[in-house]
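Just passing along the structure, written as structure tokens.
Order of writing sets the labels: A, B, C and D. Residues in every chain begin at 1.
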Amino acid sequence: MGLADSMPMRRDPRALAARYAQVRAATLALAAPLSAEDQCVQSMPDASPVKWHLAHTSWFFETVVLRPHLPGYEVFDPAFAQLFNSYYVSLGPRHPRPQRGLLTRPSLQQVLDYRAHVDAGIAALLRQGGGEALPLLELGLHHEQQHQELLLTDVKHLFSLNPLLPAWGDAGPHPAADAARSGGWSTFTSQEALIGHAGEGFAFDNETPRHPVRLQPFALADDLVSCGEYLAFINDGGYRRPELWLSDGWSTVMAQDWQAPLYWNLADAQQPRLFTLAGEQALDPAAPVCHLSFYEAAAYAEWAGHRLPTEFEWEAAVSRSSELRQGFGAVWQWTRSSYDPYPGFRTWTGAISEYNGKFMVGQLVLRGGSCATPEGHSRASYRNFFPPAARWQFAGIRLARDL
Amino acid sequence: MGLADSMPMRRDPRALAARYAQVRAATLALAAPLSAEDQCVQSMPDASPVKWHLAHTSWFFETVVLRPHLPGYEVFDPAFAQLFNSYYVSLGPRHPRPQRGLLTRPSLQQVLDYRAHVDAGIAALLRQGGGEALPLLELGLHHEQQHQELLLTDVKHLFSLNPLLPAWGDAGPHPAADAARSGGWSTFTSQEALIGHAGEGFAFDNETPRHPVRLQPFALADDLVSCGEYLAFINDGGYRRPELWLSDGWSTVMAQDWQAPLYWNLADAQQPRLFTLAGEQALDPAAPVCHLSFYEAAAYAEWAGHRLPTEFEWEAAVSRSSELRQGFGAVWQWTRSSYDPYPGFRTWTGAISEYNGKFMVGQLVLRGGSCATPEGHSRASYRNFFPPAARWQFAGIRLARDL
Amino acid sequence: MGLADSMPMRRDPRALAARYAQVRAATLALAAPLSAEDQCVQSMPDASPVKWHLAHTSWFFETVVLRPHLPGYEVFDPAFAQLFNSYYVSLGPRHPRPQRGLLTRPSLQQVLDYRAHVDAGIAALLRQGGGEALPLLELGLHHEQQHQELLLTDVKHLFSLNPLLPAWGDAGPHPAADAARSGGWSTFTSQEALIGHAGEGFAFDNETPRHPVRLQPFALADDLVSCGEYLAFINDGGYRRPELWLSDGWSTVMAQDWQAPLYWNLADAQQPRLFTLAGEQALDPAAPVCHLSFYEAAAYAEWAGHRLPTEFEWEAAVSRSSELRQGFGAVWQWTRSSYDPYPGFRTWTGAISEYNGKFMVGQLVLRGGSCATPEGHSRASYRNFFPPAARWQFAGIRLARDL
Amino acid sequence: MGLADSMPMRRDPRALAARYAQVRAATLALAAPLSAEDQCVQSMPDASPVKWHLAHTSWFFETVVLRPHLPGYEVFDPAFAQLFNSYYVSLGPRHPRPQRGLLTRPSLQQVLDYRAHVDAGIAALLRQGGGEALPLLELGLHHEQQHQELLLTDVKHLFSLNPLLPAWGDAGPHPAADAARSGGWSTFTSQEALIGHAGEGFAFDNETPRHPVRLQPFALADDLVSCGEYLAFINDGGYRRPELWLSDGWSTVMAQDWQAPLYWNLADAQQPRLFTLAGEQALDPAAPVCHLSFYEAAAYAEWAGHRLPTEFEWEAAVSRSSELRQGFGAVWQWTRSSYDPYPGFRTWTGAISEYNGKFMVGQLVLRGGSCATPEGHSRASYRNFFPPAARWQFAGIRLARDL
């Protein structure tokens, strides 16, 4: 399936140029509080250096948009093709992921020059109208927004391992308590829900095709699980009771010696603290619990006597109503659904065929969006996905139950 | 959900006694060609010694049936509770799985005595009618049949690592070529299929509840993929082309240096050979390919321009027709479905609640049954499951495609 | 250097035949209390199955003595050349060491038949006089004695991992308390000691050449460190004080969570228990402490304000006097000497060149002999060696200090 | 033993101040060609970031000299005590070594400020005469020189992993060919050599006490082994012939897939290339071979029909004569001696007791000095030491043989 086929609406080059400028500037704004050193280092193989995010998003535009579609475009540096390819096998060899943090060269300044070079290329392309490159350009912007969130989660992880506990900023993204918490549930009757992207806006291939899914009656919690509620789970021995856990989850708890969510500091049991992008702070019991693995989310649900929603229930609920609070903007919400292809799924064609499809095994779907997700990036049909042990994303819990 | 609730039909103690005798004898018959040494050793953490299978299945009857339900039953040896508990956390501590092969004591003879002791207990119970233990007794028989297949796959793995390439028997289970192979496809129209166990016969909790699933038009191959077809994939560079593989699959191919299915010997490219339970043999190009991981099955399907079926398509197809050849009795068939709970799924209550539910993450569903599956054990709604890299089971491929 | 050159004395074929019979029978006697299952399993890569010891020692005679030196000798089974080669690269491919325990075939009975076949060959050879094979035959007997001790240490390790804590025998070798313990020290003046084997008896290549070593004045403890003394070290926080440990030792303590010597059971702090070849027993405070790594021995010496002896001090002391108690027959004694070649060291020539030399890095020398060492096997110049973290040997501590 | 006891000569505060200034400036000069990013990253756990070297050497002066000996000294930042402690257990908790590269904060500028703060403290101390701190100050300078060499080896390793192959400088230290190569040997008769430091100059505790060692007649090669000679070893199958290797060495060759020294590029067999601190260059066959492990050095010696010298032979030879070429200034020379304590060895007292002694197991001694060793830092009795598999140091081969 061609990307353009999935996004058949007209695009306005001038509007895209404005949007391009806005998105690219937003990325730089996220990096602005950080030194060249901060932007260079990689804290674990799952995370990437900020500088790498800056370069890779530019590489994406250069490789997917400019080289095939801007006649006469001159590549900034041929070596970057390998250095900043993330996982696109069809686009040639790749620098090993765990070694991204070793790239002290090119320097941050060179990477910023690279961004400017690519920006100039995109501007030239759009002045010519853009033609069939426009859908790819739009994809590049959504891709860059995904990396904006990763940039924040990765630098948070890096700073959390520094004994000085540095802050990214005074008001780093952090899921806030919702004053309207009610403890209520929204109920949904049996239905054949239409799941997947509809309409003319952008969507990733993994959100298609739209298809009917039969749902049984269910209820979703109006609120996200809070830190205080999660603390009760911990205090009730949640991390010491294997019967609450999936088998692989319990193995992970044992092997990693998990005793609380990532970034929690329970050294003083009376004064729990939390590492955030604004440094370490007192834990707010009313705020949504965050930085959980799927395993922890599922164990909590078991302990609470409920379950996690399926991704279909979540989408159907959000599509129908605005009752659910903090569907977007606080934390991603783990679902009970494995990240499988939808019936009739086709990857995009060409290089971008590797964008989503090849990861469809061993991962779980998260729905919604977080405080670190760029405004307007997510939507009801959006499918985020991570392995069940991943904890460094802004991921929390919304409970479900059968009716 | 209580097990009895899921199997509300009447059971006849005398019929069960006969069936118990048959199943238990069948297990011993599988072990008969093996020496005490053969039955003691564990070839990898995923596999178990034959002696352990003999003891564990007896432990299951003792723990789940006899101790709670036979007044005056005397435990054979209290130490066995820990030694032969597989993974039931609620039933106390467990001997570590990777150390099952270190149990040179109790001796094989003691384990056989244990089996006889348990058999006598079951006979006594059934003479008294059995009462509410009957559903648990039936579960124990299905459980033992599962271990019959594992016993064979585990001893096959053990023998494959012995340079002497011993045979389990002259006519070890091996998936046979189907003389009726046609290369055809069976087509299925859009439908709301009812998926899951129906009726009065036994089923595991993971097959329930029966529920509707909307299917789009699809076709299933009438035949299983053959060794000859798979050889063409190998010869076309299948194991060297990352674009054919899921991302995790390709990582596994690289890390494990996979170049062919497990047990294939391509040392002489002109004369491929295969290790079987009857020793090493010439590879039969017409026989179903076997001992594949999910990753390999998915890569083959990609290469062939098709896909794997979902577990729902498979079940709907088998339920509707007998057109599909070798649905059962040759190889388990990998599906494209992650092993997730059905809508409204409830585990059984009590100790057996751990039977299936806690494994519902990170695994893929296989459907059908193999040459090593006991006659009558499987059924259309049966859900087998293994991690995507597992290769030592009798698992192969049936292709599907969209219409 | 040829083996014969290092052992130029005359050998009497009839005396050797008697000695051969005695040594070979002793090996079988050690295996006699064990079932075929007990003899088949391998508890860790460092250990070997008893059956493998039985076969490997026979393979050594077959490969080094019979095949080159007995005209017309028929190999028992050509496959055994690979299966039972331990580490002789020049003698062809080897079965991987960690997979020795997977060899359920050949059966124990076949291995016993192999022993008998080799014994017949040796008898035939000796009837012909033996000629230049005699030194190799004698080497084979010393080699078999080394494996007698390993057989016991390996089965002890295996049984220790079995929750049933089986006993090898009622009076398994165990280092006994010495009623004559005095707490005294023997002193030695500055001297140029002659170190290494002298005289006509057998010695391994690593004991040669004899050479002068300048020693400063020193003292050796008359007694071995006892379990009671070592318990005081534990109770004084020995396993929690990094300043007492070599850097690699402390890393190992942390990584392995060592809290006591191998086989100690401190679950009941008031009643320490010890796993032995005769099963678990109350710990005898007066008995020599045993099953220590070099790291533990060195940390204990540091705690006690003394040090470990060098291998040269140990040899000089034992050569001079009989004052030292339990030099042989209780536990091997870790020295502070790395296992380096002596000045002018030459390995034997031919296949047996790999016997000792290629292990001369990363190991420490132990001197003396243990309760599991065959009578008459060790001597003052004998150099045993193991990596510093090895604990499953009968190894303990004799302290030294400078004067 | 107190450090002062081992260095009883008078020290002149003014001379020390000049020397302090020179050594500290030399460190900064080595870092000068590097960006803040280059100085922040850690390429492997064995290596440290340049910034860490800059800070740690200052921490050493602050902790060992200033805090105990300069009244009124104000610590620059209390957090640095933990961040920049390398391995001194007695000086409190330490930041984990593998996480040194995560310290993007403190910034490089803060570390440079730290250095200036410490320099001011030292200046103040010396103005007061220094008193008993002088020996510790001198130790700190030798310590800093050791880190100067490590700084270079660590940044070389980092740059070697960057596909851009950056250069540290146009004339990076690199072992040069010796025009006077002769292929000759220097011979030495049997002697009782005095080994260890003598005289009034500085020495580390591991070089003491001076003691007699009996040497047999031997010869040392006048020249270091060259790249061309080593290439002949490679071309003769050196990395594919297990009989040439120590057992652990061969395991390492297999596990790491070694096929040439570190930093060699044999992609074009006709034009071997070498990564250096000045970037990748054509390999000079006449230059000393470098970046070898002990295992490779020993295998080469075996192949050449010779052996490595003992550390005693090396010291005796260098002490006697100036015949040996490139004893210092080209590459460190692996010896056949394990890094064991000398007879009567005592560590220094106090915090610096951990300087050397706790590493005396599992390492091999290297003698001489390299092109990266600061002028005047090494001496005939100097004992460098690394584990046998380490390759990122400037280490090569001088052959020896028995006479």
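Just so we're on the same page, a residue touches a chain if its C-beta (ideal position, glycine included) is under 8 Å from a C-beta of that chain, and two chains touch if they have at least 3 such contacts.
Keep in mind that what you see is a predicted model, and the values were worked out from it rather than measured.
Asks: Return the chain whose centre of C-alpha atoms lies at maximal distance from the corresponding centre of subunit C.
Replies: A
Asks: Taking each chain's centre as its mean C-alpha position, how far apart are subunit C and subunit D in Å?
Replies: Here subunit C and subunit D have centroids separated by 37 Å.
Asks: For subunit A versus subunit C, what separation do you get between their C-alpha means, in angstrom?
Replies: Spacing between the chain centres: roughly 58 Å.
Asks: How many angstrom lie between the CA centroids of subunit B and subunit C, rounded to a whole number?
Replies: 46
Asks: Specify, in ascending order, the residues of subunit C that touch 2 or more different other chains.
Replies: none
Asks: Considering only which chains touch which, how would you classify the arrangement: line, ring, star, complete or other?
Replies: The chain contacts form a single closed ring, each chain touching exactly two others.
Asks: With touch defined as at the top, which chains are paired up in contact here?
Replies: Applying the touch rule to all chain pairs gives A-B, A-D, B-C, C-D.
Asks: Which of the residues in subunit D end up touching subunit A in this complex?
Replies: Touch list, subunit D to subunit A: 35-38, 40-41, 43, 79, 82-83, 95, 99, 101-108, 158, 161-164, 166.
Asks: Can you check the complex and tell me which residues of subunit C touch subunit D?
Replies: Listed in rising order, the residues of subunit C that touch subunit D are 87, 89-90, 192, 211-216, 242-243, 245-250, 294-295, 298, 310, 336-341, 343-344, 354, 358-362, 364, 388, 402.
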